[in-house]
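Each of the two complexes below includes chain A, the first together with chain B, the second together with chain C.
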Partner chain A sequence: MGHGERTAFENPVIEWIDSRLPIFTMMQKEYGVFPTPKNFNYFWNFGAIAMFMLVTMIVTGIVLAMHYTANTHLAFDSVERIMRDVNGGWLLRYIHMNGASFFFIAVYIHIFRGMYYGSYKRPRELLWILGVAIFLLMMATAFIGYVLPWGQMSLWGATVITNLFSAIPLVGDSIVTLLWGGFSVDNPTLTRFFALHYLLPFVIFAVVFIHVWALHITGSNNPLGIDTKGPQDTVPFNPYYTIKDSFGLVVFLMLYALFIFFMPNALGHPDNYTPANPLVTPAHIVPEWYFLPFYAILRAITFSIDIPFTDITIITAKLGGVIAMFGSILLWFVLPWLDSHPIRSAKFRPVFRYFFLLLLADFIFLGYVGSQPADATMFGLPLSVFGLGATAYYFAFFIVILPWLSKHEKGRELPASIHEAVLAKNKKKAVEISE
Partner chain B sequence: MKKTLLSLLAVVTCAYSAPALASGGTEAPPHVHWEFSGPFGTYDRAALQRGLKIYREVCSSCHAVKHLAFRNLTDLGYNEEQVKAIAAEYTVTDGPDEDGEMFERPARPSDRFPSPYPNENAAKAANGVAPPDLSLIVKARHHGANHVFGILTGYEEAPEDHPLADGQHWNKYMPGHVIAMAKPLSNGQVTYEDGTIETVEQYAQDVAQFLAWASEPDLEARKRFGISALIFLAVFAGVMYRLKKAVWKDVH
Partner chain C sequence: MTADSDDRRGFLMLTAGAMAAVGVGRMAAPMINSLNPAKDTLALSTTEVDLTQIPEGEARTVMWQGKPVFIKHRTPKEIEEAEDVDMANLIDKQTDDERVKKKQWLVVVGICTHLGCVPVGQKETDAHGDYDGWFCPCHGSHYDTSGRIRKGPAPRNLAVPPYEFLSDTVIKIG
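On to the complex of A and B.
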């Protein structure tokens, strides 16, 4: 973005603008000729897809906000008005509601892609950290957004989650009062949540901008995890990846459309179609699906940590759960230092790959545990036992396995360059076909 | 890679949709074949009109449908004159007039269905438990319309070891089995003019379909739109795939 060399544009209007503010030069450099590894697989589509979802959420959200009323007596009915009386309102709301889920699907794939191929490693640590910050902001935004329609799950989900902060020693209760704007989740909570729900997506947008900026300094990682060595390893972003990203996006949109038009409420909870009622607690309070693995970690900690032979409790079970839940995400911030193995891609680290795939299964299993009532059982044992085991593996992966592997895993030999690896792969394919 | 992704998706969907089905309540309600299910399903207009009749003659004495306006009834196949006539059978409170007085007048198509009780407490006082508004009931319950059908047909004698208090009734499909609503329907209670059989099952199906429509009046438009959207996206994806192949053919 400095004042580098600039080649003149032919179109006089573009040239007039560009010579004063080189925005076209920048677009040309960052999205036109930007050299990009030529060996991406389809997992590299999800950044662009996430960007598309963010814009979709902002656009539909702004129109929803024109019809929505942030008042506990009116919020539920105003959402029903959107569904019934606003032209295309049902479409708008279903796009936004399912959009949150599909935004998370895209971002989860994007994050686990990064973990699998070691995209968090040097020199992309800051890029990764910005990504984790985006994820946290998304979680806050989605949690707050779910409160707005003011159904039973909005109210009770908000009550359960905000109450967690009360476990923090000394300042906990004040934080909760501040979040609520009073002594329970009520009208002041709803109005401040609406204000924040409008604000946070724009903060996300700003962080995404910096995230992409950082990406364009280091360049993209790739499935081999080795650095690009020259022009034979790369293709210009346009048209190669503009077209590939567009194709991937359209396929993703088909899946998204399937939910919007044919099962718009499948990912939600029926209780949220009952207006919030502070006097009736739902039988089973569950957060949205994208929070379930973390919710399971929160509920896995059911024991307190005490000083032996005294009745002094250092960490209550509740605080322990809160620490574990937030800790499970905060760990991602230091991932580049927990895993200092020189090889990036799991392709060349069979042991890491094994433990990582296990982590993925573990994470999905935690999601299942989070979705079940607290007294559920599995194979005759309380499910919470399995939840605790899965939580233990989650932390062991990051705190024990990764540092240990960094020192002891040998890894496979890396190809000399992307170009050579691609050539070898094509040759193998050609031989297979001719045989 | 694509395969991994797809199977991952399948696993996740199964893992997360199972609990939604399991936690619905005591026993899963019977599975009715609904005309409006499936990607091409539409509401059966005749059933909706019969369902409206059941609602008006039976349920409306206790349950509101406050999100419905009379004008919405054109969806059921009524013309504007018929809708006006139906609305006119109700009175609503309007005002204040020039003298500051509230007054009653016949309802117009733009009015919403009036509620049977002035407020929640009155509804509770009359029934023990306030009868819920029914305009979203199908979306507010696991199993949707099947649940409503199940409730209406699931009344049984309470087991010996489970004495019921006054105003309590035993229902197979109610979570916890105890329900404050007395069995609202019995055979032959409502007269059908179109010759449809007058049984509790038939009534329950019709009113459940009517309530499904009340919950999701735009379902047909949504599916129609969805089919076009998917066809468009599929064609677009095909074109993009060919383009992508063409652009990439010299690389490698």
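On to the complex of A and C.
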């Protein structure tokens, strides 16, 4: 974004603007000729897809906000009015509602891609940290957005999640009262949640901007996890990745449209079509699917930590669950330092690859555990036992396995350059075809 | 510039910065405080209940400060169960006497101390948990006939709200 060498544009209008504010030069530099590793696979589409989803959510959200009323007496009906009376309101709401899910699908793939290929490692630590911050902001935004329709799940989800803060010793209850603006989740809570739900996406947008800025300083990682060494390793972003991203986006949007038009409520809960009732808790409170693994971690801690042989409890089960849940995400912030292995890509770290794929399975299993009622069983044992085991592996992966592997895993030999690896791969393919 | 003036300039920068921080904090305070319960919310803070409407063995739920309050007319058996408990077995140690004003009337806030769900057990046909009281369906906390936590993730007994008997049959909560 600096000044300095700037080649003149032929179009006089563009040139007039660019010589005063070099925005076209910047776009050309960052998205036109920007040198990008030439060996991306389709996992590298999901950053762009996530960006598209963010814009989709903001645009539909602004229009929905014009029809929505943030008042406990009116909110539920105003959402039903959007569904029935507002022109195309059903479509806007279904795009927005399922958009949250598809935003999270894109972001989860984006995050786990980053973990698999070691995108968080030097020199991209800050890029990664900004990404984790975006993820946390997304979680907050999605959670408070789910409260706005003021159905049963809205109210009770909000009650359960805000009550997490009451686990904080001494000041917990005051914090919860401050969050609620009263003594339960009620109208003051709804109005502030609406204000925040409108604000936070723009905060996300700002952090995404910084995230992309940081990306353009270090350049992208790639499936081999080795640095680009020269022009032979890269292609210009446009047209190569504008086209590849567009293609991936279209495939993604087909799946998204499938949900919007044919199964718009498949990812939601029927209970949220019942107006909120502060006297009756639904029999089975579950958060949206994208929170389930973390919800399972929260519920896995059912024991307190005591000083042995005394009655003194240091950490209650409730506080323990809350610490574990927040800790499971906060750990991501220090991931670049937990895993200090010099090789980035799991392609060349078979042991890491094995444990990582196990973590992925573990995370999905935690999601299943989180979706089940508190007293569910599996193989005749309480499901909470498996939840605790899965939680233990999750933490062991980050706290024990990664640091240990950093010191002891040998890893495979890295290719000399992206260019050579790509050539070798093409040659192998050519041989296979000729045979 | 001499070291002396550097020190003075540094000191002025520091004090000016500190004053600015205090100013920002002072301005932030009313905004954050405005999020605390407003006067009208605080005003809705007492509820009167006529107990003659609740036969023995039954329970009623009334609203107080936007929260459900359970009022249970306990049977002699339930009172006995509540009193006949080994303190060592309790998670949050409280005798039944500390939790009631009149033995047959148990008044507790019907909000699970874990994460704020409303436990079930107000109706005869509801689940009552392993201890004959209330059961929270969200995360499986069991409360006994004194509203004490006996099993599950909740850390504390169901809260006893401040209340007083205005007469033998009317209580004022709050």
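Operating definition for what follows: the second predicted complex is superposed on the first by the 435 of 435 C-alpha atoms of A that agree within 3 Å, B and C clash if a C-alpha of one lies under 4 Å from a C-alpha of the other, contacts with A are read in each partner's own complex, and residues count from 1 in each chain.
Methods note: contacts are C-beta pairs under 8 Å (C-beta built on N, C-alpha and C of every residue); 3 or more make two chains touch, one makes a residue touch a chain.
Source: prediction; values computed, not measured.
Trainee: According to the contact criterion defined above, which of chain B and chain C contacts more residues of chain A?
Mentor: Touched residues of chain A are more numerous for B.
Trainee: Quick check for you: in the superposed arrangement, does A:400 touch first (chain B), second (chain C), both or neither?
Mentor: Touch partners of A:400: none, neither chain B nor chain C.
Trainee: For A:284, select first, second, both or neither according to whether it touches chain B, chain C, the two together, or no partner.
Mentor: both
Trainee: After the superposition on A, what does A:253 contact: first (chain B), second (chain C), both or neither?
Mentor: Only chain B; A:253 stays clear of chain C.
Trainee: By the touch definition at the top of the document, which applies to A:178: first (chain B), second (chain C), both, or neither?
Mentor: Only chain C; A:178 stays clear of chain B.
Trainee: Just chain B (first), just chain C (second), both, or neither: which does A:8 touch?
Mentor: neither
Trainee: Which partner does A:38 reach: the first (chain B), the second (chain C), both, or neither?
Mentor: In the superposition, A:38 contacts chain B only.
Trainee: Mind working out whether A:358 is in touch with chain B, chain C, both or neither, as first, second, both or neither?
Mentor: A:358 contacts neither chain B nor chain C.
Trainee: Considering only the contact definition stated at the top, list the common interface residues of chain A for chain B and chain C.
Mentor: Touching chain B and chain C on chain A: residues 283-284, 373.
Trainee: Note which residues of chain B are touching chain A in the complex, please.
Mentor: 1-2, 5, 8, 11-12, 15-17, 19-20, 23, 39, 67, 72, 132, 136, 139-142, 175, 215, 217-218, 222-223, 225-227, 229-230, 233-234, 236-237, 240-241, 243-244, 247-248, 251-252
Trainee: Which positions of chain A touch chain B when the two form their complex?
Mentor: Checking each residue of chain A against chain B gives 38, 41-43, 77, 80, 83-84, 90-91, 94, 109, 235, 239-240, 243-244, 246-247, 250-251, 253-254, 257-258, 260-262, 264-266, 269-271, 273-274, 283-284, 286, 289, 292, 360, 364-365, 367-368, 371-373, 422-423, 426.
Trainee: Which residues of chain C touch chain A once you look at their complex with the stated criterion?
Mentor: Counting only chain C, the residues touching chain A are 32, 35-38, 41, 61, 63, 65-68, 93, 111, 113-120, 136-140, 152-155.
Trainee: Using the touch rule from the top, collect the residues of chain A that touch chain C in their complex.
Mentor: That would be residues 156, 159-164, 166-167, 177-184, 186, 188, 192, 278-281, 283-285, 299, 301-302, 304, 311, 316-319, 321, 373-375 of chain A.
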